[in-house]
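Presented below are the structures under discussion, each in the form of structure tokens.
Each of the next two complexes has chain A plus one more chain, namely chain B in the first and chain C in the second.
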Partner chain A sequence: MSYLAKPKFRHKGLEQNALGFTHRDYEGAISTLCAGCGHDSISAALIQACFELDIEPHRVAKLSGIGCSSKTPDYLLGQSHGFNSVHGRMPSVLTGANLANRELIYLGISGDGDSASIGIGQFVHAVRRGVNMMYVCENNGVYGLTKGQFSATADTGSKSKAGGINADSPIDLVSLALIAGATFVARSFSGDKTQLVPLLKAGIAHKGAAVIDVVSPCIAFNNHAGSTKSFDFVRAHNEAVNRLDFLEGREAIKLDQAPGTVEDVVQHDGSVIRLHKIRDDYDPRDRVKAMDYLQQRHAAGEMVTGLLYLDPEPRDLHAGLNTVKAPLNRLDERALCPGAAALTALNDEYRAG
Partner chain B sequence: MPKPIEATNDFVVKFANVNGSGSASANELFARSILRMGVPIASRNIFPSNIQGLPTWYEVRVSGEGWLGRRGGVDLMVAMNPQTWDKDVASIDPGGYLFYDSSKPLPPSKFRPDIMVIGMPLTEICNRTYTDPRQRQLFKNIIYVGALTALMGIGAEVVESLIREQFKGKERLLEPNFKALHIGRDYASEHLEGLCKLKVERSDLVGDRIFLEGNDAIGLGCVYGGASVAAWYPITPSTSVAESFNAHCRKLRVDPETGENRFAIVQAEDELAAIGVVIGAGWNGARAFTATSGPGISLMQEFFGLAYFAEIPAVVFDIQRGGPSTGMPTRTQQSDILLCAYASHGDTKHVLLFPEDPRESFDFAAEALDLAERLQTPIFVMSDLDIGMNQWLCEPLAWDEARRYDRGKIMTAEMLESGMDFGRYLDVDGDAIPYRTLPGTHPTRGAYFTRGTSRDRYAKYSEEGAVYVDNMQRLLRKFETAKLLVPKPVVHQAARKARFGVIYFGSTAPAMAEALDALGKRGLWVDAMRIRAFPFSDEVIEFVNAHEQVFIVEQNRDGQMRTLLINEGAIDPARIVSIPHYDGAPITARFILAEVAERLGQLEPRLEGAAE
Partner chain C sequence: MSPTESATPDYWHKVVDCQWACPAHTPVPEYIRLIAAGRYADAYMVNWHSNVFPGVLGRTCDRPCEPACRRGRVEEQPVAICRLKRVAADNKGEIAERLPKAGAKNGKRVALVGAGPASLTVARDLLPLGYHVTIFDGDPKAGGFMRTQIPKFRLPEAVLDEEVGFITRLEPELKLGRRIDSLKALLAEDFDAVFVGSGAPRGRGLDVPGREEAAANIHIGIDWLASVSFGHTTSIGKRVLVLGGGNTAMDCCRTARRLGGEDVRVVVRSGFEEMKASPWEKEDAAHEGIPIHNFLVPKAVTHEGGRLTGMVFEKVRAEYTNGKRALVPAGEPDVHMACDDILVAIGQENAFPWIEGDCGVEFDRWAMPKVDETTFQSTNPKVFFGGDAAFGPKNIIWAVAHGHGAAVSIDRFLSGADIAERPPVAMAMTSQKMGIHEWSYDNDINAALRHKVPHLENAIALKDIRAEVELGYDAKLGYAEARRCLNCDVQTVFAPKLCIECDACVDICPMDCITFTADGPEQDLRTRLTAPAVNLEQDLYVSPALKTGRIMAKDEDVCLHCGLCAERCPTGAWDMQKTLIEIPQAGASCQNR
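Our next item is the complex of A and B:
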């Protein structure tokens, strides 16, 4: 529980990254979520991704809405500024923060209530604007903090802990992200760290709107038989189309697998996403086919995971707005205020007589 | 038939037109030609929520004395809209004038015996001169401007020079416009000579004053005040704030070397997202604002509570319109005062500024951006449609070159490095304003978690009652600090010692100035105070307590400012009498005069008698 201070003890042998930071430097407060919550696994994966990417923790801004998932930014990156905003409105707050300082890394952490119900509009609009962020939806199909109501991502026919059957159609966040124009779309499972960590790394490095839907079972209210978001169900129906390694530019690029099953996608900044194909015919660069495939597999009762779509040449909101390279929050009077002489000229234009 | 009104440089002309008929630019040409004659005017659009077809009016107050409010009444009605004919004719003051299109004969019952009728066969002239129906419509407007300016003694060269300026770069349009103008002028001198005794005489009373809209002034004020992020959602009557900011930024905020923008404007998906963007940008250290109107303010409520409680700078321009609900979207009111003062659930109080005209809108826009960062809270600038969407004659805008932005208390990396204690909600200076850090400042110090939930002085989550109360009390003390920083009220003492006072604010100011003058002339002495901000500085409460009775004139039904005064100033409700005006049209001097005089008469019959 968070009122317990986290021990400051550090094992001397802890692995260090290129900046000399250990895992511990990327941790936050102790989680107040239930023991075994999928969200905590995602926090651990985020910590690992940031550690492996050699990110300076204070150069990350963590933003969230309201709900169990939205509490998690407190449990990672303790040296980063965090903002637990209002329910469903994190995307707009993150957009504003990003406009103010384009140099930081923006991590949007949300849940299915936040993203697919109350905040579906903001989610879609932040994505369609191409805000440079990694948007993680910790998706458990249920409202945990209010004890077990269905969320909008719950599948038709799935059963609540109290025994109710969901009659409504589910909202598929990855399909929504694809339609809205996200330039990086992935889905993963909180219980599969080997798949999740590289996806998070690639998503953070992506210079556009990256959306990762992470199915994350709710141990307290949605992990029973009849739920389609339980650990057992997800394990049984998880159909990964690929696995990937995220390689930064300086790492040696060496293929050690049979040709045809591995493909390197070089991104704009020189980083490489190495795809280990599981489905030979799946091309994550084809948005239309990706949407088609997702719908087909969904109809067959399967949940597709992996890197679903990638545009290696994304265009972000700042490019669309043609803003200066320097962060707007660093501009001073000289850059912002046109001065008294310009106002004299304007007064002449407005002159009445 | 009473004697026709004779007036020079002091009368009201009202144009009744059909929306979308091209009358707006012709009517503005008429108004500007009077300004060009050196005579002050106040012009107001009264327009429908519609693109084409519904009635629209344009009122021009000509005032050599410089009264810029609505006077009330109409001396000359230019009746160009059959839909509203009856009401338009009825609104003319006895002895006033009706100018109309006499192409089609109208029965005598359509007129009044106590007004002067000036008919001109506009349609007939247009049909004779032009074949294209669109031209017939557009030039009809110019033709009546020609006739009216000739009737009033405004020289052709004055109007021509304005037309020349208007069509700079489109010179091929000059000749046809000149032609139409002269058709009107020639007809007036041949057939209508001497009929109109409303005259404009050349003067030099305009001086170096400027003529601009409040929304434009706000957009420019945000450029000068250093706003770099704007987020908005289109809504009448605020839309032109964002458009103005955009237009001025494109001229004044583009890096000359790279061509890149030193600003970011997001047209959001709704008002919720607009204020969210503003709060995100403010949290991250950029000056940010949104512009909206009542319905948008309603939608933003939850976020206002967050910004208040988490202490994030934000500037909101509320260009008020008629409420509640969709209300009267194209009419003016001052009816969002309580909504903004106590916006959001829980205990909240917000800083409000009340500009009186476009010039003060410019000043307050820049001021609000400073106050938001100084106080780390949302600042509401309460304009309205009357100020926002009409061009007002006002003093030139001014900017002190030595002025520096007040960025408030931001703890820098150097300060953190030097070992200063950082508590995000810690009152270190006794003014209840804590320091904040911006994201990305320091590798190991100064990071904190911003939240709308309760927390302690070091931003650590806490549900403890004492910790919560400690923070809420500090927010109250911060509001006391705000009291010292916001613009002070402006007091006009009566020429003689007055037992009664009158309070007003915002767009009521010019009509009040004229009403006070008229009251004085009738021997009715009242002190007047214009409130410029909430929280109320001590002077506001002292003013109320210094008078036996205070009238408060406001453009809403419920006396919202009165409620706020009574609530915040612990004032006996009996001391303040509400004078509400809320039909959606800007308040008039005649209305204020009549209402105040009547109440003074009730309070002190002798006074009213003495005034006769």
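Our next item is the complex of A and C:
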């Protein structure tokens, strides 16, 4: 951590986006995490993704639970809405916020402890309901904030900093998301922004439940030999199935690589996800095969990364509930409080039959 | 590209833009930090060691360091490096005890022609080593143009006297009021070496009709300024035309304003923008109510019965062909300006009527002596040149730099060493780390814009030619300005073996200086960095291949030296280390210090 605020000076040649902002306009407060924490790299990748997507910061709501990872929303997008909820309860708070105002972009930022231990029930339900959000789990295999106990995502047999061996089975958040019906599922690594930034962009643009599990080494408690979430281990076992570019709008779709290795997936809103296939036989639209492949590679001790599953025609919670199109804050009092007669009519509906 | 040879002092020296640009390589950030700490005497001594005349230069330096200063690339204006030097000089208190003493005589005798800054620097460097130094000057006092040309309202005499005194107390043999009129005769005396620091003493004249007839009221600028300086000239007509666009013209017009000139105008051939005068000199002239008329070429002097009445100018405009500028007639009617006096400040020339053709000193076709740019030796091995006499008119700080270089040569020459071989630049590097995020320098980047130097009111300044116009920063302003310095000498030093490529430094760097990427030729690498590296004058700091096969490339251009990269690095792969670079002076090769 640093005590000093990051200087306001910036490189005069920085690129500007359509709003006239540079990436530095998407920064937040200076991070108080340990020097070298993977979470800080993910914050930087999120900043870059929002910058590249020309997002107006005040159209974003960042929600989190408790943990080092859950502190990070403070370190990005200083001009957006934020809610630091209780441990493991972020998915419910996010669901509520989304129901009240469906027009904001929802970033759920969590950790492996927050999502896979105390908040596991909340996590799967938000996913199965198809809440339109991007749920990022900053996965370091430990409870970083409480000094490095194994979390539920720690691999069996992995070694703690103090030398203890984890005997329990790990929970794989990617598999869990697939089972729960997430329509966008990806895994990446904090140390590889060229892979991570386009995934975050595609995840933000996805109009359904997007889950990204980002392996994020904990420098202080889980970056030693024997850990399966260290920089060295992840670099040695990272098996990317694809790389992608996220393109907005249909225009300028021209392939620059040999067919067969590149495939464009057109989304419902017209945006395009261009897949540069690394494994030719991997089809991210086949959910069952994806699950099968993940289990196989996990058994082989490898970590699969990339865009793992995508449903280009997602349905979200509002469609299922048939809710009003406008955010609640734009409805007037009459619409929000239709009066006793309307309540009676509603109650009568349930009594009938 | 190949990994940076960062061990060489030159690589790090170049990062300290101001020190690199200073002809005498003054360790600027070092003295600025001392000023911020209120250690004025220490700050003064750092300066004095490098540039010999901190009080004079803190008021008059041409400041080549300031356009180079990194701060100017980061925000709008450079650090006021020059005026901070004055803060050190004004507040230094008593420092006599810290000055060197004359050394025990070594029996070698050196003659210096001229007592300007170049010669005085040679004297300062050689006297502590025991040389017998004799200084000749035609003028009655030492100081050269610093005394005779620079007006007292810019440089009070007491400031000059004090700093000249720091050298004369080393007891050179002073032969003032003695002009050398034969180099041959001088060489015939028993001197082991001669240094020529005689300046560029001749003002260029103007050849237009009417000039002879009205000669009584047409003056050569530098002669006139010298005459004012010695108190021979104390008044001038009410209407004065100053011809020329350099700093001499600015000193002439401002001096004229103080000697009774009411309607003083500067007239230049070129456009206002292309004038040679420093921007701040033009500003000061404008502030004293002196207009500058441009694109006017002198055509004729008008007079009535030998009494000057004015001057006729032809109007011109600039025309560019292949990027070259030519002044062509604008086709407008000529302009007549009435005046009582004309000051001609259109250039200075060297003149060596006292150097005979057969004394071994060869001249080139521009009548300049053939002088080696590193050793300052002429074609006569015993004769060295420096200052304006060596390569034409420059400024004080260049004269000082030449003086140091020539002193090294003379010392080596008279010790029987090869003068072409120069003593190596010394560099010390010290980590500034005191704790996880504590440094022994102030890394909290200050956002303030450049502070203005307070000036004396015109009403008072224009009445007294000796009243110093600039009041200088007081201690408080000096501190505020000192805080703007980015400490460019506190360097970002990278240890590739420690790096785990976590990206923390890339993410925190406020200036997007750092990139981890695939190696490539420099030209290509420059386009692939986090922020484009377009300033080709600034180096890329490049590591060998790291674990993932990538390299670390840092663009030095706009690094704030904030140390955040080092604060964020979990492994200490970045460290902030202070480089103290010392350019060797005479004696360095023989002494341990």
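Everything below uses one rule, namely that the second predicted complex is superposed on the first by the 327 of 353 C-alpha atoms of A that agree within 3 Å, B and C clash if a C-alpha of one lies under 4 Å from a C-alpha of the other, contacts with A are read in each partner's own complex, and residues count from 1 in each chain.
Assume contacts are C-beta pairs under 8 Å (C-beta built on N, C-alpha and C of every residue); 3 or more make two chains touch, one makes a residue touch a chain.
Note that this is a predicted model, so its numbers are computed, not measured.
By the touch criterion defined above, A:D269 lies against neither chain B nor chain C after alignment on the C-alpha atoms of chain A.
Touch criterion not met for A:D168: it reaches neither chain B nor chain C.
Of the two partner chains placed around the shared chain by superposition, neither chain B nor chain C is touched by A:D280.
In the superposed model, A:R351 lies in contact with chain B only, and not with chain C.
Touch criterion met: A:A342 reaches chain B, while chain C stays clear of it. Counted by residues of chain A touched, the larger count belongs to B, out of chain B and chain C.
Shared-chain residue A:D292: touches no atom of chain B or chain C.
Chain A residues 2 lie at the interface with chain B in one structure and with chain C in the other. Listed in rising order, the residues of chain A touching chain B in the complex are 2, 56-59, 61, 63, 73-74, 78-86, 89, 91-101, 103-104, 121-122, 125, 129, 318, 321-325, 328-329, 331-333, 335-340, 342-343, 346-347, 350-353.
Of all residues in chain C, those touching chain A in their complex are 73-75, 436-437, 443-445, 447, 500-504, 506-508, 510-513, 531-532, 534, 547-548, 558, 560, 562, 564, 567-571.
On chain B, the positions that touch chain A within their shared complex are 32, 35-36, 38, 206-212, 220, 223-224, 226, 228-229, 231, 252-253, 255, 258-266, 268-270, 272-288, 302-303, 306, 393, 396-401, 404-405, 437-444, 447-453, 461. Residue ranges of chain A in contact with chain C, taken from their complex: 1-4, 6-14, 24, 31, 34-38, 40-41, 43-44, 190-191, 193, 217, 219, 223, 231-232, 235.
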